[in-house]
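Dropping the structures in below, format is C-alpha cells.
Okay, so subunit A shows up in both of these, paired with subunit B first and subunit C after.
Up next is the complex of A and B:
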C-alpha cells in the first residue's frame, strides 16, 4: 500500500492527463465562465459604466457557476466507464481518491480564473493590478474551499438520480461562507477606497474555512463512498 | 418505539393545554409602547426559532452518528428533525419579517443572525430535496449534508459579521425585562414539548416505513 499523498498525486496526474488529451473540461468550463461574465456585462454595464462594486460579485459568481459545471462533469467521466469503482477498489486510502480529485479540479479552476480575471477587469473596470498577490491569494484560497466541498458532494452524488440539479441545490448553501468572504475581500481591494486590512482578514478567514472544510470532507468521504 | 406510545399523547396533551393558555400568559406581559400589539409576535417567534435551532443540532448529531455507526434509528431521527426544522423554520421566517417591519422599519436585513438562519433553512430544504429526489442511497448523502449544516452555522455567522462591519446598523435587540421573560419562556417550553411529541411521532412513522420497505424486499426475494 502506497502513501496517501503519492496515491493522490497519481490520481491527480491521471485526471490531468485525461484532460490535456481531450481538453473537454477546460474549453467548456472556460466558455461557460466567459459567457456568464458577458451576461452580467449586458445586465450591469450601462453606456460603458458598470454599476458600483459589481465586479467582485460577478467574478465570484462566474467562478462558482463554472466550477459547478466542472465538478459535475469530472465525476460524470468516472461514472460513464465505471472507473470510479476501480478507483474505490484500489488498495489505497479513500482519502487519497478525494485529494487527487480535488487537486486536479483545483488546477482546472485556477486555469479558468487566470483567463477570467482579466476579462472581468476589462468589462467592469476592476483594478486587478492594485494588490495582485492579495487578489491571487483570495481567489486560490477561496477556490480551495469551494472545491473541497464540491468534490465531496459531487463524488457522493455520482450514483444519485438527477445529480446535476441536486449538486447545485446542495453546493450553494454550503459554500455560502466561502463565497461571501471571498466577495467581501475582493470588493475591499476593488473599492474606490481600498481596504487592504479587511482583505487580509478575509484571506485569514478563508484559510480557516479551508482547514475546517477539508478536514470535515476527509472525515466524511470514506464513510459516504462506502459501497 | 412502543415505549413511547403513552408518552406521545401525554406530550401532545400538555402542548395543547399550553398553547391554549399561551394567549393569556402573553397578555400578562406589559404592552410595549412603541410597537404595540405587533411586539407580541416575538413570543412565538423566539419559541419557534429556538426549536428550529434545537432541531438543527439534533439533526447534526444524529447525522454524525449515522455516518459513524450506520444505525437506522439515527437516520430516522435526523430525517424527522430536518422536517420539523423546516416546519418551525417557516414559522420563524414568516413571523420574523412581520416583527422586523415594525421594529426596524424593514422586512429583511442582511444581519448575521437573519442570514445564518436563512442559510440553515436553505440547507434543511436541500436535505429534504436530496432525500426526496436522490433515489437509492440518499440517506448517506443527506447525512453528510446534515453534518456539514451543523458545522456551517457558526461560519456563516462569522462571515456575515465581517460583512456587517461595512454596513453598521443602529438597531439594537431589546433586552428583556422580567414580565416579558416569563411569557417568552412559557411559549418556548410549549414549542419544545410540541416539538418533542412531533419528533417521536415522525420517527415512529419512519421506522414503520422502513419495516414495510424491508417486508416488500423480502417478499420479492
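Up next is the complex of A and C:
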C-alpha cells in the first residue's frame, strides 16, 4: 500500500492533468469570477471612483462564488462513469482522496485569484502592492479554509439530486467565519489608513480556522464516503 | 505477480449477510462461501440483490447485519489492505474519458501500488488488444473497447477476488470469447471470480457454480444437466418461502 500523501499527490496530479486537457473548470470559473467583478464595478464605481472599502468584499465574493462553481464541477466529473467508486476501491486511506481533490481545487482557485486580484485592483483602485505577501497569505490561507469545507460537502452531495443548490446552502453558513475574516484582513490592507496588525491577526485566525476545518473534514470524510 | 503485497484470499465467506436501503431489504441473511479458483455466476431478476452483494463484497457498501470474511478475516480486520486483493468491474467502468487508455491504467496502477508499472500497463493494453490506441482518449472509445479496458483496469493489481457486474455488456462475440478465456485463466490461477450477469449463453460452460438471487435471498442453482438458463428457471420456480 502507498502512503496517504503519495496517493493524494497521484489523485491531484490526475485532476490537474484532466483539467489541463479539458480546461473546463478554469475557463468557467475564471469567466464567472471576472463577470462578478465587472457587475460589482458597474454598481459600485461612479465616474471612475469606487465607493469606500468595497474592493475587499468584491474580491472575496468573486472568489467564493467562483470557488463554489469549481467545487461542484470537480465532483461532477467523478460522478460520470462512477470514477469516485474507482478511487474508493483503491487500497488507500480515504483521506488521500480528500486531500488530493482539495489540493487540485486549491491550485485551480489560486490560479483564478492570480488573475482576479489585478482586475479588482484595476477597477476598485485597490493598493495590492502595499503588503503583497500579507495579502497573498490572507488569500491562500482563506482559500484553504473555504475549499477544505467545500471539498467535504461537495463529496457528500455528489449523489444528491439538487447538489448544486444544496452545496451553496450548506457551504456558505459554515464558511462565513473564513470569508468574514478574509474580508476584514484584506480591507485592513486596502484601507486609506492600513492596519497591518489587524491583517496579521486575521491571518492567524484564518490559520486556526484551516486547522479546525481540515482536521474535521479528514475525520468525517471516510465515514461519509463509505456509503 | 507484479503487484503490491497484500492478504491472500483462499476463501471468501458471507455469514447471515443483510443489507437494507431504508426499509427495503436488498440482501436477507445471505450465507455463501467461495473457494479459490471458483468461477461463480450470480443470476436473478433485476433488483434481486446481485449488485448490492458485489458492493458489500467489494467493501464499498457496509453490511447492515452479518459479516464477510476474506481468508478468515473481516474487512475491518484487514483495513484498507483488503482492497489490494479485490478487483471490481461495475455497471459503470471507472474510467476517465479525458485521459488516454494508458494514463487510466497508470493512474489506477499507481494507486494500487503496482510495481513494474510500465510492463504491467503494456501487458494490460495487449490483453485488451488496445496497444495501437493506448495514447487515445477513452472518450473516443466505443462501449466495447471501454469494457475491455475497464476489465484490464480491474485486473491490473492481480486481485484474488474479482467481482464483475454484467461484464459481457457491449462486447462483440470475439471480445466475449476472449473474456471467457481470460476468466478461465484467472480461475486456473486461483482467483475467485464472481459474475453477476443475465447472459446465460456466455456463462454456460464458463462458470463452475451458479447462485440464484431473488428478493435478496439466495439459493444454489438447481442441479441437473440442462443449460444454465433452464436450471435458473427451475430454481426460480422452486418454493422460496
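The working rule: the second predicted complex is superposed on the first by the 227 of 227 C-alpha atoms of A that agree within 3 Å, B and C clash if a C-alpha of one lies under 4 Å from a C-alpha of the other, contacts with A are read in each partner's own complex, and residues count from 1 in each chain.
Throughout what follows, contacts are C-beta pairs under 8 Å (C-beta built on N, C-alpha and C of every residue); 3 or more make two chains touch, one makes a residue touch a chain.
Keep in mind the model is a prediction, meaning the values are calculated, not measured.
Student: So, A:180: does it touch subunit B (first), subunit C (second), both, or neither?
Tutor: The first partner, subunit B, only.
Student: A:136 in the overlay: touching subunit B, subunit C, both, or neither? Say first, second, both or neither.
Tutor: A:136: touches no partner chain.
Student: Tell me the contact category for A:21 with respect to subunit B and subunit C: first, second, both or neither.
Tutor: second
Student: Between subunit B and subunit C, whom does A:158 touch in the aligned arrangement: first, second, both, or neither?
Tutor: Neither partner.
Student: A:92 contacts which: subunit B (first), subunit C (second), both, neither?
Tutor: After superposition on chain A, A:92 lies in contact with subunit C alone.
Student: If you stack the two complexes on chain A, which partner ends up touching A:7: first (subunit B), second (subunit C), both, or neither?
Tutor: A:7 contacts subunit C only, not subunit B.
Student: Between subunit B (first) and subunit C (second), which does A:81 come into contact with in this model arrangement: first, second, both, or neither?
Tutor: Touch partner of A:81: subunit C, not subunit B.
Student: Report, in rising order, the residues of subunit A that make contact with subunit B in one complex and with subunit C in the other.
Tutor: 226.
Student: In the complex formed with subunit A, which residues of subunit C make contact?
Tutor: Against subunit A, the touching part of subunit C is residues 4, 6, 58-62, 80-84, 86, 88, 90-99, 103, 107-108, 110-113, 137, 153.
Student: For the complex, give me every residue of subunit A touching subunit B.
Tutor: 149, 152-153, 156-157, 159-162, 165-166, 169-170, 172-174, 176-177, 180-181, 184, 198, 201-202, 205, 209, 212, 216, 220, 223-224, 226
Student: If we count contacts the way the header does, which residues on subunit B are in touch with subunit A in the complex?
Tutor: Checking each residue of subunit B against subunit A gives 67-68, 119, 122-123, 126, 129-130, 133-138, 140-141, 143-145, 147-149, 151-152, 155-156, 158-160, 162-163, 165-166.
Student: Would you pull the subunit A residues touching subunit C in the complex into a rising list?
Tutor: It is residues 1-2, 7, 10-11, 14, 17-18, 21-22, 77, 80-83, 85-93, 226-227 of subunit A that touch subunit C.
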